[in-house]
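Both complexes shown next keep chain A, but they swap its partner, so chain B is in the first and chain C is in the second.
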Partner chain A sequence: MDIFFFILFATIAVVCGISVILQKHPISSALSLVGVMGSIAVLYLALGAEFIAMAQIIVYAGAVMVLFIFVIMLLNAGAEQAAGRSWMAQLLGIPALLAMFGVVAYFIQSYFGNAGFMKFGNFKGGSAQSVGMALFTDYLLPFEVTSVLILVAILGAIVLARKELD
Partner chain B sequence: MEFLIITVIKLALIAFVLLTALAYLQWVERKVIAHVQVRMGPYRVGPHGLLQPLADVVKLITKEGVMPADVNRFFYLLAPFLAVMMALISISVIPFGGTIEVFGYRTNLELADLNVGLLFILAVSSMGVYGVALAGWSSNNKYSLLGGLRSSAQMISYELPMSLAIASPLLMAGSLSLREIVNSQAGFQLGFIPKWAVFSGPFPQIFAFIIFMIAAFAETNRIPFDLPEAENELVAGFHVEYSSMTFAAFFMAEYANMVTVCSVATILFLGGWHPLFPMPYSNFVAPLILAAAGALCFWHGMNPARPMDKYTLPVFGVVFLGLAGLMMFPPLVPALMPVFWFLAKTGFLLFVFIWIRATLPRFRYDQLMRFAWKFLFPAALLNLLVTGFLVALFA
Partner chain C sequence: MPEGLQQGAQQILANGVPISWYLILSAVLFTLGVAGFLFRRSIITVFMCIELMLNAVNLSFVAFSNMHRQVGGHIFTFFVMVVAAAEAAVGLAIILTVFKNRGTLNIDEVSSLKN
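Coming up: the complex of A and B.
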C-alpha cells in the first residue's frame, strides 16, 4: 500500500515539476508547482512526518503559491512566446545538466554511501512536539536569526511601499 | 477488512447526511431570512416549501451549462471542482460523538482520527482559495477577476487572525488531535459551569472565540464580508460566468465551508459533544426541546393560519414527538446524546451565520482590510500572548 502511494505521488511530483518548466502560461506553471508541493507533502506523510506534511501544505501550497498566483493575476501576465534558444544553451545545455547530476551523485555517494533504506512510517521526529523541541533547543540560534531576517524583510517591504506612496 | 467495511458504511452515511443537510441548510436560510423580514419564504413546493431544495437541485441539473467565449477551458472547469472538493474533504476529520458499539464492533463517530486533525483542516481550507481565485481568473470577465482577486486577498488576510485564534485554545488543550481537544474540555467547574474553552482555563477563550467567528465569516465569504460577490459593484463576483451545475458547486462549497467552520468552532471553543448541563439533567434537554416543538406544532395545527396547516403541522408534531421518544429510549441514549449536543451547538452557530446575514449590511473593501490588519490581527496576537503567559504560569 505504502509503496503504491509512494510511486503514485513521486510520479506526480516529477511530472508536475517538468510541467512547471514546459507550461507556456505563468498560471499553469504556478499551479504545477502547487502540485509538486502537494505530492511532496504526501511523501512526507508516507514517511511518518505528519506535522511537516501539513506545514508544507499550509505554508507552501496554501500561502506562498496563493501569493504567487495573486501577483500573476494582478499583473495579468499572458502566455509567453517561445524565444529562440541561444547557441550556448543549445550547445552546452545537456552536457552541463549531465555534469551537474554527476557531481550531485558523487557527493551523495561519498557522504551518504553507507546509508540504509528508509522504511515507510519509520520517521519518529515528525510530530509537532518533536519539531518544537528541536526548534527551541538544538536550533534556537538559527530559529531566532531567521525571525530577525523575516522582520528585516517586512521592514524593507514597508520602506519600499512608503516610497511609492509619497 | 472489518475496518474497511465499517469505514465504507460510515462514509456513505456521513456523505448522505452532509449533502442532504447542505441542501436543507439553504431552505433554513431562506426561511429564517424570510421570517426576519416578515415574509413567508418558500411555501409552494411541498408542505412549508420542504421540497424546495429538491426542486432547486432538479432545476440546476437540467439547466444548460453555458461556457462563455475565450475562457481557459481547463481552469474554468477545474475551479468549481476544486472549491467543492476542498470544502467537503475537511468534514472527514471532524469528530461528532464519542465511541459507540454496534453489533459488537466499536467505532469512533468520525471518519479519520488524525493526530494533526486541526492542521489538516487549516491546510485544506487554505487550499480552498484556489477554487475561487481560479474561477475569477479563468472566466475572462473583469468582474469575476476583481472578485477572485478580492477573495484571495481577503482569505489570506483573515487566515492570520483565524490561525492565531485557533492557537490559543490549543495551548490549553495541549494537542492537535480534535478528539483529544474535545476530551480536554469534559467536566464541570463548581458543579455547573462546563469546562469548555470559552468558559474555563487559566484564561477564558471568549475573545479567541469571537475573533475566530469574525474571521470565519470572512473565510466563507458571507455577509458582512461577502465582497468577492458584492452584487451591487461586481454583479456576482467570481461566479458571474458560471451556470448550471458548476454554479451549484460553488453554492454547495459555500455551505459546506460554513458547516466546517461551525463544527471547528464547536470543537475548539464549545466543548464538542459535551453537554451544557451536568449529566443526569443534560439527558432530558433533547427530549424536552423536541416534545415542546411537537406540542407547538399541534397547537398551531389546532388554530391553522393557512388552510393546509391543519394537515401538515400535526404530521410534524408526530415526527417531533417520535424523535423525543427516541431520545428517551435507554439503549440509544449514550450514542445519541453526544451527537445531539454536537449538532445543537453547530446548528446554533449556523443559525448565527444566517441571522447575521439577515441583519448586517456589507463592509466596504478598505474597511474590511483595515479591520483585519489593524484590529483583528493585533487583538488575536495579544490574546495568544496572554493565554500563553497564563498557561505557562498556572497549567
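Coming up: the complex of A and C.
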C-alpha cells in the first residue's frame, strides 16, 4: 500500500515538475507547480509529517502560489518568446544536469541505499504537538528571529512595490 | 523475474518504501528545478523553479527526519518555508519594480549589470 501511494504521487510530482519547465505560459507553470506541491504534501503525510503537510498546503499552495498568480495577472504576462539561447547552455546544459543528477543519485545509493524503510505510521513525532514542543523549547531563538525576518520582508516588499510619492 | 529482483519486491511489499527512493525523488525534482532555472527566460518562471528546488530539499529533510525518528527535519522544513514565503514576497515586489522600469519580463533584456 505504501509503495502504491509513493509511486502514484511521485509520478504526479515528477510529471507536474516536467510540466512546470515545459509550459510556455507562466500561468500553466504556476498551476503545475501547485500540483507538485500538493503531491509533495501527500508524501509528507505518508512520512508522518502531518503538521508540515498542512503547512505545505496552506503556505505554499495557498499563499505563495496565489501571490505568484496575482503577479502574473497584474503584469499580464504572456507566453514567453523562444529567445536565442547561448550555444553553451544548449550544448552543455542537459549533459551537465544529467551528470549532476547521476552524482547525487550515486551518493544517495551508496550512503543511504539500505538506510531503512518508510512504513506509514512508524514515525509519530510529526504532529502539531511535537513540532510545537520542539519549536518553543529547543528552537525558540530561531523562531523569534523568524518574526524579525518576516517584518523585514514585509517592509521590503512595501518599499519596493509602492508608487513614488513625489 | 530474476531472483534478486523478486526478493527486493517482496522486501518492499513487507517493509514499505526505502528511504533512498524519497531521496532520489527529491534529487529528480531538484534537477528539474535547476533545468527550469537555466533554460527558461521568463523571470516569473525562473522564480517558480527556485520554489521547486526549495520544495525538493524540504522533501529530503522530512525523509531524513523519518529515517532518524527525530523531529529536527520538520523544524528545518518549517524555517525553509518561512524563508521561502518572505523571499517570494520580496522577489515578486522586485519583479514588479523591474517590469515597471523596463517593461519586460525577459531576463536576457535585464542585463545592465553586465556592462
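Everything below uses one rule, namely that the second predicted complex is superposed on the first by the 146 of 166 C-alpha atoms of A that agree within 3 Å, B and C clash if a C-alpha of one lies under 4 Å from a C-alpha of the other, contacts with A are read in each partner's own complex, and residues count from 1 in each chain.
Here, a residue touches a chain if its C-beta (ideal position, glycine included) is under 8 Å from a C-beta of that chain, and two chains touch if they have at least 3 such contacts.
Here the structure is a predicted model, which is why all the values come from computation and not from measurement.
Of the two partner chains, chain C is the only one that A:47 touches; chain B does not reach it. Using the contact criterion defined above for the overlaid structures, shared-chain residue A:148 touches neither chain B nor chain C, since it reaches no partner.
Contact with chain C, but none with chain B, is seen for A:21 once the two complexes are overlaid on the shared chain. When the two structures are aligned on the shared chain, A:73 is found in touch with chain B, with no touch to chain C. Contacts of A:55 after superposition on the shared chain: both chain B and chain C are touched. Once the two complexes are laid over each other on the shared chain, residue contacts for A:128 go to chain B alone; chain C is not touched.
The partner of chain A that touches more of its residues, comparing chain B with chain C, is C. Looking at the shared chain after the overlay, A:63 reaches both chain B and chain C.
When both complexes are overlaid on chain A, the residue A:104 reaches chain C alone and has no touch with chain B.
Judged by the touch definition given at the top, the superposed model places A:88 against neither chain B nor chain C. Comparing which residues of chain A touch chain B with which touch chain C, the overlap comprises 51, 55, 63, 67, 74. Chain B contributes residues 75, 114-116, 119-120, 122-123, 126-127, 129-130, 133-134, 136-137, 145, 148-149, 152-153, 156, 159, 176 to its touches with chain A in the complex. Interface of chain A with chain B (complex): residues 27, 31, 34, 50-51, 54-55, 57-58, 61-63, 66-67, 69-70, 73-74, 127-128. By the touch rule above, chain C contacts chain A in their complex via residues 12-13, 15-25, 27-36, 38-42, 44-45, 47-49, 51-52, 55, 58-59, 62-63, 65-67, 69-72, 74-75, 77-79, 81-90, 92-97, 99, 105-106, 108.
Listed in rising order, the residues of chain A touching chain C in the complex are 2-3, 6, 10, 13-14, 17-18, 20-21, 26, 29-30, 33, 36-37, 40, 43-44, 46-49, 51-52, 55-56, 59-60, 63-64, 67-68, 71-72, 74-75, 77, 80-81, 83, 85, 89, 93-94, 97, 100-101, 104-105, 108-109, 112-120, 122-123, 125-126, 130-131, 134-135, 139, 142, 146, 149-150, 152-154, 156-158, 160-161.
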